Each structure stands twice: as structure tokens, then as C-alpha cells.
Amino acid sequence: MARRDGRQPDQLRPVTLTRRWSMHPEGSVLVEFGDTRVLCTASVTEGVPRWRKGSGLGWVTAEYSMLPRATTTRSDRESVKGRVGGRTHEISRLIGRSLRACVDLKALGENSIVLDCDVLQADGGTRTAAITGAYVALYDAVGWLAGRKSLSGKPESVMHRSVAAVSVGIVGGQPVLDLNYAEDATADVDMNVVCTGAGDFVEVQGTGEAGVFARDQLDALLDLGVAGCAELAEAQRKALAG
Amino acid sequence: MARRDGRQPDQLRPVTLTRRWSMHPEGSVLVEFGDTRVLCTASVTEGVPRWRKGSGLGWVTAEYSMLPRATTTRSDRESVKGRVGGRTHEISRLIGRSLRACVDLKALGENSIVLDCDVLQADGGTRTAAITGAYVALYDAVGWLAGRKSLSGKPESVMHRSVAAVSVGIVGGQPVLDLNYAEDATADVDMNVVCTGAGDFVEVQGTGEAGVFARDQLDALLDLGVAGCAELAEAQRKALAG
Amino acid sequence: MARRDGRQPDQLRPVTLTRRWSMHPEGSVLVEFGDTRVLCTASVTEGVPRWRKGSGLGWVTAEYSMLPRATTTRSDRESVKGRVGGRTHEISRLIGRSLRACVDLKALGENSIVLDCDVLQADGGTRTAAITGAYVALYDAVGWLAGRKSLSGKPESVMHRSVAAVSVGIVGGQPVLDLNYAEDATADVDMNVVCTGAGDFVEVQGTGEAGVFARDQLDALLDLGVAGCAELAEAQRKALAG
Amino acid sequence: MARRDGRQPDQLRPVTLTRRWSMHPEGSVLVEFGDTRVLCTASVTEGVPRWRKGSGLGWVTAEYSMLPRATTTRSDRESVKGRVGGRTHEISRLIGRSLRACVDLKALGENSIVLDCDVLQADGGTRTAAITGAYVALYDAVGWLAGRKSLSGKPESVMHRSVAAVSVGIVGGQPVLDLNYAEDATADVDMNVVCTGAGDFVEVQGTGEAGVFARDQLDALLDLGVAGCAELAEAQRKALAG
Amino acid sequence: MARRDGRQPDQLRPVTLTRRWSMHPEGSVLVEFGDTRVLCTASVTEGVPRWRKGSGLGWVTAEYSMLPRATTTRSDRESVKGRVGGRTHEISRLIGRSLRACVDLKALGENSIVLDCDVLQADGGTRTAAITGAYVALYDAVGWLAGRKSLSGKPESVMHRSVAAVSVGIVGGQPVLDLNYAEDATADVDMNVVCTGAGDFVEVQGTGEAGVFARDQLDALLDLGVAGCAELAEAQRKALAG
Amino acid sequence: MARRDGRQPDQLRPVTLTRRWSMHPEGSVLVEFGDTRVLCTASVTEGVPRWRKGSGLGWVTAEYSMLPRATTTRSDRESVKGRVGGRTHEISRLIGRSLRACVDLKALGENSIVLDCDVLQADGGTRTAAITGAYVALYDAVGWLAGRKSLSGKPESVMHRSVAAVSVGIVGGQPVLDLNYAEDATADVDMNVVCTGAGDFVEVQGTGEAGVFARDQLDALLDLGVAGCAELAEAQRKALAG
């Protein structure tokens, strides 16, 4: 059964990864999953936060945010409200954990990398697009450090895995891949799957707020997610070869 | 292979659910998973927030917090820091989603219930203990509303499912159930499983920050989690029968 | 004339001091004045804040807070509101001053102790229960430091006095001791008295928002408060001997 | 034994109350106790906060603050720090309670008066000067309401008492009245006494952070405070007659 | 004397105005002044803030912000710091005042438009690019309201003027137009000029922090600014005709 | 055509500069422009903020604020709101830039001076009065540092220029100097001019929110502003000679 936008259940939206979209950051990517558009930048600081000094280990962290009118109706800015909301916190933490999973912090040495993922336009799947794009920006930032001979290990040992992420869900009773906003809003189950290029899991988050789900449904969603991540890993490889 | 505290891999810690621990709330439970001790209270307000008025639907939300010295070293209070941290936000949202999954908000009618889960002592698994205890407190709060004839539906249709939660993880290569703090700190994979009393999933969150995990490992963890939740559902039934 | 709960005007509610209620803190007490229930923990840090380094003096401070549903109706969390309220500030400062009065900061040496007083259930007199319980938690924390040979002086010279506190007030024209919430809400004059074990005053705070009071009324309240503190000092001695 | 500035133990500093110091407020006073200088303004709003509407009762509240360089060294602004400190909160609440004690809120009718007490220069006793000055500003604001026929009762029944406040303390073993900063910094006991013009107590706050105090010392301090307040009440009467 | 980037003193950088860059907002423009890149969106709400209801007047306001890595080194997010900084406030207010100058709020009727100007990449002149782009986004938003017949007046009477802005400054002793970051960092005088399409001034802000400036220098800067704004007005006309 | 208060278009209100109004600050001035009354204090700290250490340069900064009832209706305190507003930020930054223009930070050496400008009563022109007064307070603070031999250069080389500021505007079609509140509220164009004692510009800020302005109007306003600043510079010289 085809989806509202004509895709097959196991089909991704068109994915583009535009490297070096920004001139200042050490790594930057404009990632698009269909109409979802996220600017991912990787900012390097030589040195680590005080509590980590002398450990020999690097640090990778992430911050996610949405422009106020990335969405169909405008949201108030968190800077104006004076506090970061729960959803923002939750997604920033997910991106940070996911990206740390592909970095050998010892080989990185005492360098810090902040991944900023700013959603310029939202149409579902912003957090998974952010993870997928941030990997490419991070890769370039590590390359920049390699060029300055600032790594403790070899660049390929720093970035010892790739990571990509995709959303899956049950919409109208059917498991589907890479939900857009309209699908996400009506999904019974919503899951984000983060995988390595080798197909292992980094993170799995499934929630059935508008329902519950059985083991076989969970299995079907995991199958879709693993396949989607494999496609995205291929897109990342091409972008980095470009 | 037995665990450091002598438990079998698939064994829960001793679980207690002390109903009506507090005199003021409409529902209250002191839940203990071993040395983890969480006070869960359910506070009823007749009426709903402004944006929900006239919808005929009720509202259930949750707030999680830790006392500053619930942990081995003292943490600064979030009230003193002037902001709620990311971890707190993330857990509060998980508890809220999980508990909304067991309530029919239409049958609840325009009533609001806030579930406060305050960790008095932490030894791993505070969020899963909180969900398990909050279910019982919520049940009593719905009963209180029933006593006042304030529900739109029958109490059994309001609380149409039970929910319970447990942590599972891979520690020293072995999948184990209900990790205490020492296990949690050394786990390669950490997963929280929230199930209904009927054994369906409400929420699954697995993360491999210190590693990645394969599909068969994920399957083993899910098996453990489902079995653990079934035991907890039985403990809830007993507490509510008491 | 007996009081609504059957007590004599000069009678305390049942007082319990449960030492070592928590496993992590260096000192901890669950103190109960009737239905008022406060968890007091003492957390030790070796060293002092930067502005005090090299002074040879220790530091003792306190933070008071209420769980949101410790009271008859739920209050919003101060962490969620993003600011500590005036009442909380005022009580935290009172507890801190009172407890510093019983410690020789020179004999304590450059160690810091934070007293956290979290009200689990409120029925009047929470600040006086907190002071009374915090003394016992502080005593145990100083003992813990003594066991690690981290004090500059002998433990008995560090804790050179005991302190306890009680509320007194004029209710229905009659001076009474240790007001519960119902009495407090209707009192014309409300006073908190903090005394040492030797019967000297550490702090006296009397207020007549719903009226004013004459010198002879003040004298009667002080008499009641001094006697009440003497009983509480005896309860502290017993708890510490246990 | 005379004091460092030549005063007798029971002698106030020169007190001035300059009415109508500001052009905009309904009541305003620049109050000086020696070198301590506080601008007190009373701002009237017809109507009361939402939670009080329809009660028939008025509302009086107070806010205290210090200019950053009112003191010997500069303090950071609380607006820049983003939070009101504990000391500020505590004093604002004391001023508010004290002034509410002299107003019949029923006779005031549904009007609100905010008393702003801003310390322009500090030399000890800022909170007691603030209370003493705020009474005069409040009196003028009530007069302004009377002129608009906006009171429920007669002005003399609205302001049915006067209030004034003074600090007392034990300095160098001697009880003294109205401490300046140098005395306050070395006092063993420090007490604030708020009295009505008839000599009754509104509020008594004594603290012995650098020591404890016996009943006879407390009695001597209360005697000094009552006499000091009587002198201040006379100064208020003169200012209002002027 | 040619400038470091080869431009003449009175030459703008290449200017592009990409309309409808975003899919959700009622008006949106990606404006580029050389390497400076600002996303301007106009968000319409039918209705006005409460304090303006019933006035018959519309409301236009602006918010400016920079992505954390829009600049050569990363800045902390204002949402994370919990407060909007002074520079951000100052620029948001300038943009809002400038855009209100081109709108007849009466003809707009009771509609609100928020202009969000988010700097994606910064190379000097971000606030002037923001004003220039926001005008085009605002124009499209007013057209959207016209299409819904929601204006009180005709669209051409709502947008009765155009506004554009440019920076001018004295660099190395020479007055120059449209400074890039390298020039801005070494300018002795820095001025922002906001003009209408008819060549009148809306706002003039000149500052000589690293020096002072004489009347003839001010005159030369104003001449440059007026000419630059005329060119930008032409670019706006072309974009809106496109 | 005479103005409502009888002044000529080019006439200042009566200006007074009362030096040493406060006892604690190293420099202090109560400045009055008619009924506008601002307390300016200069607070010296030997040393500079961490990021400036070792530079050999001093630091001068300013903070502006209004007492809540400096205005015709009361405003909420920014400390209570928990954030500094945009207008406050904007004016503080203007004052800081203006005063740094008259100081040679190298000759000042590694000393910091904070200029606090607190508006005690507002009747238009508070920011220009603040700049004019802060200059005198700053001069005295530099003299205080000279007396302690803490400057790197001679005092006359530290304060190598004077600065003063005045508002000008077009009211009822006529350019006027030093607007009071009633004029400011009805002005079509409002401009602040900051000049050195030698007549050069430090800062020019003109805005036409309720209209736009032509070049000849701008010229007329600048002429008025320069002449007004010259008079204020003379008043500063007299105050400093006094």
C-alpha cells in the first residue's frame, strides 16, 4: 500500500548531504530528508573542559535547536523564555550519545568538539536527520584536527565507526520508514533507530503514546530501521568521498 | 553466573510498594526496588489546563526529581541552579508518557492528575521504580475521583491497563535484569522496558554509549524486560488488593 | 483548656528522630513532630569554598525545601518555576544560622557540611523540626570526619553545644507549644524559638501579622519555648546515645 | 560607656523623614537614620490581584533592594544575576508583614499598595529605617486614596495604628540601640524590634550567630527597642503633621 | 584606494534576496550581503496581544539571533545561558523599529507579524542585511493577509514605504560602504543607516568607540549610506517583482 | 515658539551636578536635568576581569537601571522578573561605550571602574543625564586612583577628553533641545547626541519611529545637540572645579 506521498513503506525520502555549507566551522553539513532541513556544524576547541583535563580523553557533545518558524506555526524562542525545554534537552542528549558512540575519545586526545544541529525547516525526522548529518560534520572536524597534527591517534582510529539514524513507525496499521510530519502526527507507534555502518545498534527508542505494541510489531520496525540506516550509511560514504 | 549481590541474571531486587505513605495526596506510594526508594504521589485537580478546556479530556503529567543527597555524592538543587536539567526533563517525560498509556483520558473527564516522583534514595533503576510506583498512586487517585463521582467513565475503564517498568542491561557480557547502581555504572548496554500488564510494550529505550549491541543481544534484553515487568505487574496487583 | 488534638498547652506532639534513615549521607535523620516529617541529611565535603580557603575555618550551610505534595494542596516546584521563593530562602537561612551556632568552625577545620532539610509531609512546625533533626545529622557527620581524622579539633569541641527549636504561638487567646497546621493557620501570634541544650537563646522570631502582642504575652511564649526546647534536647541526647 | 560615635547606649542616630521626595508616587519619603538613607515610595493601584478579587479586602506588599554601591564595596545587581537573593527576600517579607499590621485591609477596600524601599546609602539598620519610612509613605498613599473617595472605610480606620522599627544589639558586652554598620559587624547579638505607636510588638527577630544570649540580655534588648520605637513614632507624628 | 576585497569605497558586496526559502512561513527570505547570510521569516497571527485588543491597530515585532557557529569562533547559545544578551536585544529592537516605520498599523488591522532574523553565517553587516531582508518577508506576509481578506486597508496602504539598511564606517581614514567583518573590526567609526525607498531616514546610529568623529566625517558617511540604501531598495523592488 | 514649559527651542532645563552625593563610592554625582534625577556612582576595583589580565589595559563598564517608581506608573523590578530588559541593556551599553571614549585604557592600567546610573526620578532624558553625570563620577574615581598611585599614566592622560550627552527631537514640527517626558512622548523624531568637550561626536542615535526625517532636519538636530553638549561640558568643568 503506497503512502500519501507515493513512497513505498520501506522507502526513504530523498536524502542530500551538502558538505561545507558554512565557511567558519571545522565541519558543516546541510542535511535534508525530504523537506526536513538541518544545519549541522562541528566546532573544535583544542583542550577539554576543566573536569576532564589530564585524562587524555577528548569530549564530544551536541546541541539541538529549532528556528522559531521551522514549523507550521511559530514557537517562542527558548532564549526568550529563559529556559531550554524538555524536548530540546532530550534530543540534544540523544544526538550527543549517538555521536560519541562512533568516536574513540582516547584517539581524539584532549580536544573538544561541539555538534550544533539547528533545524531550519521541519517536516518530521529532525533528530534522525541531525544525527546522520552530524556524523559527516564530525568526520570533517576530525580531519581538520588531523591536518593540524592535533590528534592522539590516527584519524581512522578516531572515527572507528559511522552512525546514522532513521525514524520508523506504525501508521494506519502499517510499519513504515522515515515518517514525515503528517505521518508522525498520526502514528500509533514511533521509533528512532540509530545504527552503525556495520548494522549494530547504538540506540533504540520506541514509544507507543497513542497505543501499545506487540513484539512482532517491534521486530518489523527494527528490520525497517536497520535497512534504512544502511542506506543512509551509504549516502554518508558517498558524501565523504565527494 | 551469579551477580555481585548474589542475584540470578533474571532476578529482581526485593520490591515493596507501600500505599498511602503520605497523608495529603489523593494517591501515594513509597516504592522500593532494593535500596532505591522513590516517593510517588498523585495530586488531583478538578478541571484541566486552559488550552484543554471544553475538550472533555483529562490530563496526566509527571515530574521526577532527586533529593540532593539521594546519591553517593551530593548534587546541587535544580531550584538553586534555576533550571531543570536535561536528565530530569528526559525522565519526567518518560514517566508522563508511560502513565498516559494506561489511562483513558476521555473516561477520566476534565480532571488533571500530576504524578510527582521524588527519589529519596538512589541505587539504580530510579525511573523504572518511579513508573511502577506511580501506577499504583494513579490508581488510588482515580479511585478517589470515583468516590466523588467526578469521572466521566467507570473507574475500570479509566485505568484500562496497568503499566510497570524495569531496567535491563549487559554487564560483563551477560544480560541481567533490574541493575543496581554498581551494575549500571559498568554496563555496556542499558535499556528501560515499560510494559502493560498484558505484556505489550509501551516504551523501549536502549542505549549503548559504552558500546554497540547486536540484534540477538537486543532480543535477550527484551525477553528479560518483559518477564521482569510481568513480576512487577503481579506486585502491583497485590498492593492494590491489600 | 485542652487543644483540638487533646494536647495540653505546654505539650509537644510525639517526637521521633530516626538516625541513619538514608544510606549515602554522612549523617541522616528522619525527624517527626506528629505528622510533620522532614528528612535531614548532612553531606560532608573535605575542603571549603574558594573564598574561605586558607582561613583554617570550616563551613556549615543549610537548604530547606518542600516536596510539591507535602502540603494539603500541591505547590509548583521551585526548580520548574526557575527560582527559589522568599519563604524557602528565609527558612534555609534560619536553619543555617541556627546550626552554625552549635559548631566551632575553627575546630571543624577546612571542611564543609551542607544540611539538606526536605519536608516529606507538612503539618506545621517544619522549620523547627528541621533544625532539631539537622542537629543530629550534623553530629553524625562530624563523627564521620572524626573517624577519618579530618578535624582540626576534638569532636566534642567541634559540637560544643546542642541546638533544638520549637514553635509557640497564641491560639484562641492562649499561649501554646508546638503548633500543628490547623493551629498555625488561626494563630494571632506565631514565634519560633531556637535554644541551646543549656537553655540559652540562639534565635527568637515572633510575628503578629494577624495582631500585635504585649510584653507579658511575649514572656509567656518565651517560657513555653524554652521548656519545649529542653524536652527536644533530651530527645536528641537519647537519639545520639542509641 | 559612650559609643565610638559618641552616642549613649540608648541613643538613636539623627533621624530625618523627608516627605514627598519624589514627584510621581502617591506617597514617598526619604528616610535617614544617620548615614543610612532609604527612599520609600508607596504606589497605589486601584483593584487587587486576581486571586483576591471580590474579597472586599485590599493588599499591601513591599519590595526592598539596595543600589549596587550603597555599601562599602559594590555588589552585583540582582537583575543581572537573574535572581533575588535570600537576604533581599527575607527583608522584603519582614517589611510587608510589618506594614500590613498597621492597615485594616477591609477598610482599605479593593486597592493595592506596593511599598518600594530602595537603599541609596547603607550604614546599618536599613530594614528598620525602611519600615519606619514606609509607614509615612503608606499614610500619604492612603490619604491620596481618601482624596479620590476610593476607600471602603475612613482613612483613620484604614491606618488604625502606626508602626516603627529599630535595631538593638549587644556590642562589646553592652546592649545598645540603633547600631551603625561598624557596630553591627562586631555585635554578638542582633535584634530588630517592630512596635506600634501604642508600644505593642508587631515583630521581634533576635539572632546570636556569633554567640548565644540569656533571658536577661533579651529583656534588656527589648526594653531598648521599645523605647527607640516610641521615639521614632514621635518623629513620624511630627513628619505627618508637617 | 581599493579595499582589501577589491571593492570601491562606495561599493556594496553582491546582494541576493531569495524569496520563499522556507515552506512554512507566510513570508521568508534568505538574504545575502557577500558572505553574510540571514534567514528572515515573517509569521502572521490573526489577532493582537491582549494589551492591544480593540485598538484596531496591528503589531509588528522582530527577533534577531545568531546560530552558535555563524561566527569564526563558537558562541554559547542564549537559550543555554538562560538569558538574551544586550547586543541581541539592541539589534532586535532596531529591526522592529525599522520595520514598523514602513507599515501603517491601522491599515494592517488587528493582525500580528513577528519577523525572525536568524544569522546562519556572519561576515559583518548582519543587522542591516536583516532589515533589508525582513522588509521583503514582511511584504509577502502582508500579501498573504490580503489574499485572506484580513487587512483593514489595501495592501499598498499597509506597506506605504519600503525600508533598507546598510552599514558605513571609517576604515584606515577612509569612509566606506557595507563593511565586512575584517573592516568592521578595524573601523574607527561605525554607523548603521536605515532609509526609506524615498531616501528619508528611519534610523541613524553612529558610534566612535575607537575614536571620535567630526561633522564632515559624519556627513560623508551619511552620503554613502543614503546611496547604498537606494541600491538596496532597487534590489528589493526586483526581488518583489520576480 | 516657546515650549509648554516656557523654554526656548534651544534651551536646556536647569542642570545640577552634585558631587560626592554618596559616602562609599570612589566617585558619585547626583545629576539633575530639570525633574530627571539620576544617581551616578563610580566603583573602582584594582585589577581587571580574568580575560583581560596581563593586557596592561583597564576596563570601564556601565549599568543603568530605574527604580520601580521613578516613572508615572510603577514598573516591575527586573530582579523580580529575573531578566534585564532590552531597553535597559541598550542604554547600559550606550553609557559604557560613551564613557570608554573619554578614557585612555592604557593609561588607566589594570584597574576596573563600574559606572552605576540609577534613575531615582524620570522626566525624559535619563540616558543623557546619566552619561553627563557619569563623566564627573568617573573623573573623581580616576582622581582617587591617582591619589593611591595606582594609574599607569598621569590622570590628565587617563581622562584625555570629557563627554556629555543631550537629547534632541522634532516636536510639533520644531527641532528642540533636551526633551522632557511630555515632549518625548509626542516627538516625531528622537535623537541622542554624545559629544566630547572639543565638540566631536562620540555617538549619534536618531530614530523616527513615528515618522521619518529628511537630511536638513537631521542637520538641524545635530546643530542643536552639539550646542547643548557644549553647555553641559561647561557645567561639568564648573562642577569639577568646585
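Quick notes on this one:
Per-chain numbering from 1; labels A, B, C, D, E and F assigned in written order.
The criterion applied here is as follows: a residue touches a chain if its C-beta (ideal position, glycine included) is under 8 Å from a C-beta of that chain, and two chains touch if they have at least 3 such contacts.
Molecules present, by chain and UniProt name: A, B, C, D, E, F = Ribonuclease PH.
Just so it is clear, the structure is predicted and the values come from calculations on it, not from any experiment.
Graph distance from subunit A (Ribonuclease PH) to subunit E (Ribonuclease PH), where chains that touch are one step apart, equals 1.
By residue number, the contact pairs of B-C overlap by more than half with those of exactly one pair in A-B, C-D or A-E, and this pair is A-E. Comparing the residue numbers each copy contributes, subunit C (Ribonuclease PH) and subunit D (Ribonuclease PH) share more than half of them at their mutual interface. Chain centres here are Cα averages; for subunit D (Ribonuclease PH) and subunit F (Ribonuclease PH) they lie 33 Å apart. With each centre defined as the average position of its C-alpha atoms, the distance from subunit A (Ribonuclease PH) to subunit C (Ribonuclease PH) rounds to 50 Å. Spacing of subunit A (Ribonuclease PH) relative to subunit D (Ribonuclease PH), judged by their CA centroids, is 59 angstrom.
Looking at subunit D (Ribonuclease PH), one finds that residues 82-84 touch two or more other chains. Taken chain by chain, the contacts form a single closed ring in which each chain touches exactly two others.
Read round the ring from subunit B (Ribonuclease PH), going to subunit C (Ribonuclease PH) first, the chain order is B, C, D, F, E, A.
Residue ranges of subunit F (Ribonuclease PH) in contact with subunit D (Ribonuclease PH), taken from their complex: 22-25, 28, 35, 39, 41, 43, 45, 63, 65, 67-74, 77-84, 88, 114, 116, 118, 120-123. Here subunit A (Ribonuclease PH) touches subunit B (Ribonuclease PH) in the complex through residues 83-87, 89-90, 92-93, 97, 100-101, 161, 191, 196, 200-209, 212-215, 218, 222, 226, going by the rule given at the top.
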